[in-house]
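Per-chain numbering from 1; labels A, B, C and D assigned in written order.
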Amino acid sequence: MAQSIGVGGERMDIHEYQAKELFRAVGIPVPAGEVATTPDEAARIAQELGGTVVVKAQVHAGGRGKAGGVKLATHADEAREHASNILGMEIKGLTVGKVLVTAAEEIASEAYVGVLVDRRTQSPVFMVSPEGGIDIEEVAATNPDAILRLHVDPRYGLLRHQAYRLADFLYSDPKLAKQATRIVTLLYRAFTANSCSMAEINPLIVTADGEVKAIDAKVSIDDSGLRGLPALETLRDVGAEPASETKAREADLSFVKLDGDVGCCVNGAGLAMATMDLVKYYGGEPANFLDIGGSSNPDKVVAALEIIASDPNVKAILFNIFGGITRCDDVARGIVEATRTTRIDPPIVIRLTGTNETEAMEILNQAGFSAFTSMDEVVERAVQLAAEA
Amino acid sequence: MAQSIGVGGERMDIHEYQAKELFRAVGIPVPAGEVATTPDEAARIAQELGGTVVVKAQVHAGGRGKAGGVKLATHADEAREHASNILGMEIKGLTVGKVLVTAAEEIASEAYVGVLVDRRTQSPVFMVSPEGGIDIEEVAATNPDAILRLHVDPRYGLLRHQAYRLADFLYSDPKLAKQATRIVTLLYRAFTANSCSMAEINPLIVTADGEVKAIDAKVSIDDSGLRGLPALETLRDVGAEPASETKAREADLSFVKLDGDVGCCVNGAGLAMATMDLVKYYGGEPANFLDIGGSSNPDKVVAALEIIASDPNVKAILFNIFGGITRCDDVARGIVEATRTTRIDPPIVIRLTGTNETEAMEILNQAGFSAFTSMDEVVERAVQLAAEA
Amino acid sequence: MAVFIDTETRLVVQGITGRDGSFHTLQMAESGTRVVAGVTPGKGGQVFEIENGGRVPIFNTVDRAVKETGANTSVIYVPPAFAAGAIMEAADAGIAFIVAITEGIPVLEMSKANAFVRDRGSRLLGPNCPGLISPGKAKVGIIPAQITTPGPVGVVSRSGTLTYEAVDQLTRAGIGQTTCIGIGGDPIIGTNFIDCLSAFRDDRDTEAIVMIGEIGGTDEQEAATWAKENLGKPVVGFIAGQTAPPGRRMGHAGAIISGSSGTAEEKIRSFKDNGVAVATRPVEITDLIKESLGI
Amino acid sequence: MAVFIDTETRLVVQGITGRDGSFHTLQMAESGTRVVAGVTPGKGGQVFEIENGGRVPIFNTVDRAVKETGANTSVIYVPPAFAAGAIMEAADAGIAFIVAITEGIPVLEMSKANAFVRDRGSRLLGPNCPGLISPGKAKVGIIPAQITTPGPVGVVSRSGTLTYEAVDQLTRAGIGQTTCIGIGGDPIIGTNFIDCLSAFRDDRDTEAIVMIGEIGGTDEQEAATWAKENLGKPVVGFIAGQTAPPGRRMGHAGAIISGSSGTAEEKIRSFKDNGVAVATRPVEITDLIKESLGI
């Protein structure tokens, strides 16, 4: 079996310029630079930096360079021009709202350094490669010997000899290895201090005068770790995600928007996925993943229904609730309340079973809803309704 | 077998006022106070603190209270008077050069908290007892159930539940336990950050208004850890140790002054102890422990001879050298050089064996020394010379 | 017989005075579990009353609870910021089996806590799991007891309600369970599929096993490979998340396809290659189990 | 036979280019030890020349040294500030037997390094020790080879030169040694008396054992108790430090009487109680060994 390294956990991606701030805070050398939201601001930063600068789109997507989101500018006017082209640009469906303007560096060589939490070994794992500047998964596929993986025992943290071993794999020149040892050590410090699930420097460059520097930075933060680090929550770029997902997060719902037309509202992540799969099985396409969680709070049901109904693609909405801790009557009350206060256009079909099932059926019947007890039936019916709409 | 807890390692004792500075630096609550070397200074500090103060002798010895080295003063003049009595006082052979003047606290209860490195489990171990203010070894002997021992796994450090468990053993009142949890956690931080071999709060008190505070503090620092913490080296009170030991430390010699009359200069700690024991076996008393170490540096031999000879009790000096890495001819040269540059009154007898033994014998013979090859012979001869002197 | 918990289980509830802890303590006691102690720091000395007139003593620390009551199993209902610490406290006090219900423990904290549990020789189930139930014997966690019944099937799953769905169907079809185990939806968990399969193998009452997986990671694939070599009992498998997009977390922190790894297809293929009967829909699980039991 | 090191030993020297490291590398090679690699960060690719024309390759890391040369044993001559790290590096690289000569490693660092070595399943001898020698086979450390000779006595000691004294006397009396081991004078060490006695028990060429202890700790007492129950071979013991005052460190960081514990009297009593023949003076060791060997 191929050794697969998986990033574990829900996570918050932050922008390159934010990641570089975290790096700078622990002492990792990064080029001077600032973020701009207007072309004039970009020109001012370029002026202040002097010399050649790089204007880089700040979006949560790879391949910015290929998409024309990264440009060199030799003077402030050119930086303004590039910024005006890049701001507002769409990259992989995401609109660019910010550019990072940094001093350009003369690059002698490019390497890769990354650390993430590996679920198989349940520990942080470093991956480094002297082949930097390109996608590390590509290097892994085409030239696996060019990557060194090193697991960090969480009881000891990254030990000095391990940091040196990583650096020694990157550079045969002892002066460069010494700098890289320090950078790797600091990267691990930033990784743990900010509860990251992933932190990456790509490329880590050697400049013309032999300095090792982080040119691009990518960091994902473990959402569970954010609780203890409220300062990091401010790094979240709400503009970079669909509005429905922002609303879901605020309502404490697990939600992922998809492209289909059958809206799904389920309690429990596994059951929610199985419900989506069943939609597909019966010939439909799910419009979303949504888990209302274990709570019986009717407010959550209301918020869930509103989020699903606000998607114009949705042609039918299905509820699939297995009452264990969640009480079916609470969910039923939430559905009735939501449809009373908000206009929900698509038809709603409901399956409820388990705790307080009988009371729930009564509530729904009184409000004019009919309900199923089998999962297959409700999904088949929802797909049919969506197809007919 | 009784569970013996041993402090491991060579160590530097520091004064109470210095220990309290280390505690204050990590946030452990200690009463306000300052150190004074003159009665007027003590009066000024008492004046500034206001209210009742305690004047405490700063010496590396227990039982200061019983010896009259700790006194309450209700006003500045009284503090001056106490300080003038205590300064210059002898406690267990040590002269008091400093007093600590601190605000007096109303004490509701006294507990004990200590942490040291246990050599059996190779880990730090906490000992806490609600019976504070007295010698913990006495509590261990008379009421062992009043002590909780807790080993800290060095891979994880002191965990929150462990700190709470210690605090919960001291106080049933949750408010006090909460304060104590914090203090125990901070004590462990001070312990590791300062490379301590022992750190102790005795007593840890509860004040009349329910505050938990460290009233007395005792800290020993692992000498090997000092290398990385040069700031701590300044805490060493050279005045509190015999001049010969200061000189030995400066010459990088292991030296302990004893009360006998046979000076011993040996290479290797085990052989040095065995030599002392043999002095006793043949009816003499060793004047010192001295290990010149594995080096062959003649300067060390010179320093060693000077230190031993400066002890007026010494009636004879014996060398016992087993040349392995240490070369016998180097030691011989050192002896010849030292006796040439410095007047050494007591007779010197020498045993050399091992590496370059023949060359060494020649050097010594030329300088008029005769030498032995057997350890028993040289010791017997030295004891005899001391007895005849 | 049953696995991990049975009538010998002596349970301490960490966080017994909290909203979830108190509710589920009543439920667990009602299912016949011997709840011998509760822990809430600062509330030591108080008593938690259960419905049949039982009184559960509360302690400040798990250590005291173990010393006073001989508790051997713990369940954790404390908030995520304190849950990793609670797990380590239980292991440090010598609790052999620890069940962590709490969702949202930072992954780096779990990485350390799990190492601690292993170093102390304890077993952790979860976190972010519904716990487990050995019907008629003991329940630790939040699985609704009324949908279970004693019988010959072992159930192990990364999911909560999807497990209830499967177990409910089994029970309605008259097929009981030895033990139903939710191993949890987090990327770092204490007890994995292989651990459970191995326990079911050694349990002579378990005749067939339901294994419910989902996208993310390689736990199911490794379990399938292991089962082929070592299990010797029939397994019916189901994988949720065939329609999940890559790179997005599907509710569970561990339910995420990284690159091209951890897809439902990959897991289903591994099941089939290793002799695990695959249910396409949840409803098929019961049919396949009937087949494997020859009923 | 011999214990811990023999002709199968493939040695890597950590700190080979330092003053002590280079000197002792030559000595070890001269004693017949197979020195296969050296490590000095930043000097990888260079070569260390030994006297018989051998050339020892130098690597930046122990990991590379192990991969390139199959080293299975390491000896550490690096300064104290880096020595605990060097020990962990060796264990991490899969070195099975690590000998740390360095004196002055902070005790809290050793506490962690020793845990690491155990977690990796390696064995550490030392630190602050002279190493060991299996006469005629291999030497790792700094014990002078010329005072040793092959034969039936195992020697284990906390001391350096005191061991040389004892071994020299044995050799002069025509009594050779299987292996002479210095376990080190620090309070926290990797291999203790029991570990060595246990190895000597399993070594069929070892017929009698010399155990040289000193004040501080309880290692000798535990070893004596263990020997009575488990060893089955005669032991001659010696304890240094009968005249040492309490609370003062006698050169070795571990040679200190704490309170009333760890005195020479206590240790000698334990030896006697457990059938260990006690030499009052070093010179008596040889006589007692002769007795125990029946010569």
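Heads up, the rule we're going with is that a residue touches a chain if its C-beta (ideal position, glycine included) is under 8 Å from a C-beta of that chain, and two chains touch if they have at least 3 such contacts.
As the structure is a computational prediction, the values presented were derived from the model and not from experiment.
Colleague: Taking CA centroids for every chain, report which one is farthest away from subunit D.
Modeller: Using the mean of the C-alpha atoms as each chain's centre, the farthest one from subunit D is A.
Colleague: So how far apart, in whole Å, are subunit A and subunit D when each is placed at the average of its C-alpha atoms?
Modeller: The mean C-alpha positions of subunit A and subunit D differ by 54 Å.
Colleague: Taking each chain's centre as the mean position of its Cα atoms, how many Å separate subunit A from subunit C?
Modeller: 28
Colleague: From the mean C-alpha coordinate of subunit C to that of subunit D, what's the distance rounded to whole Å?
Modeller: 49
Colleague: If you look at subunit C, which of its residues touch at least two other chains?
Modeller: 112, 116, 119, in rising order.
Colleague: Do you know which subunit A residues sit against two or more other chains?
Modeller: Within subunit A, residues 153, 155-156 contact more than one other chain.
Colleague: What kind of graph do the touching chains make: line, ring, star, complete, other?
Modeller: other
Colleague: Pull out all the chain pairs that touch, please.
Modeller: Touching chain pairs, listed by label, come out as A-B, A-C, A-D, B-C, B-D.
Colleague: Write out the stretch or stretches of subunit B touching subunit D in their complex.
Modeller: Per the stated touch rule, the residues are 1, 4-11, 117, 119-120, 122-124, 137, 153-155, 192, 195, 197, 222-225, 227-228, 254, 256, 258, 266-274, 276-281, 286, 289, 291, 294, 322-326, 353-355, 374-376.
Colleague: Touching subunit B in the complex: which residues of subunit A?
Modeller: Residues 155-156 of subunit A touch subunit B in their complex.
Colleague: Please give the residue numbers of subunit C that touch subunit B in the complex, ascending.
Modeller: Subunit C reaches subunit B through residues 41-42, 44, 60-64, 85-86, 88-89, 92, 112, 116, 119.
Colleague: Along subunit C, where are the residues that touch subunit A in the complex?
Modeller: 80-81, 104-112, 114-116, 119, 130, 142-144, 147, 157-165, 168, 185-188, 212, 214-218, 221-222, 225, 238, 240-245, 248-256, 258-259, 261-262, 264, 280-283
Colleague: Inside the complex, what are the residues of subunit B that reach subunit C?
Modeller: Subunit B residues touching subunit C: 153, 155-156, 159-162, 164-165, 168, 172, 174, 177-178.
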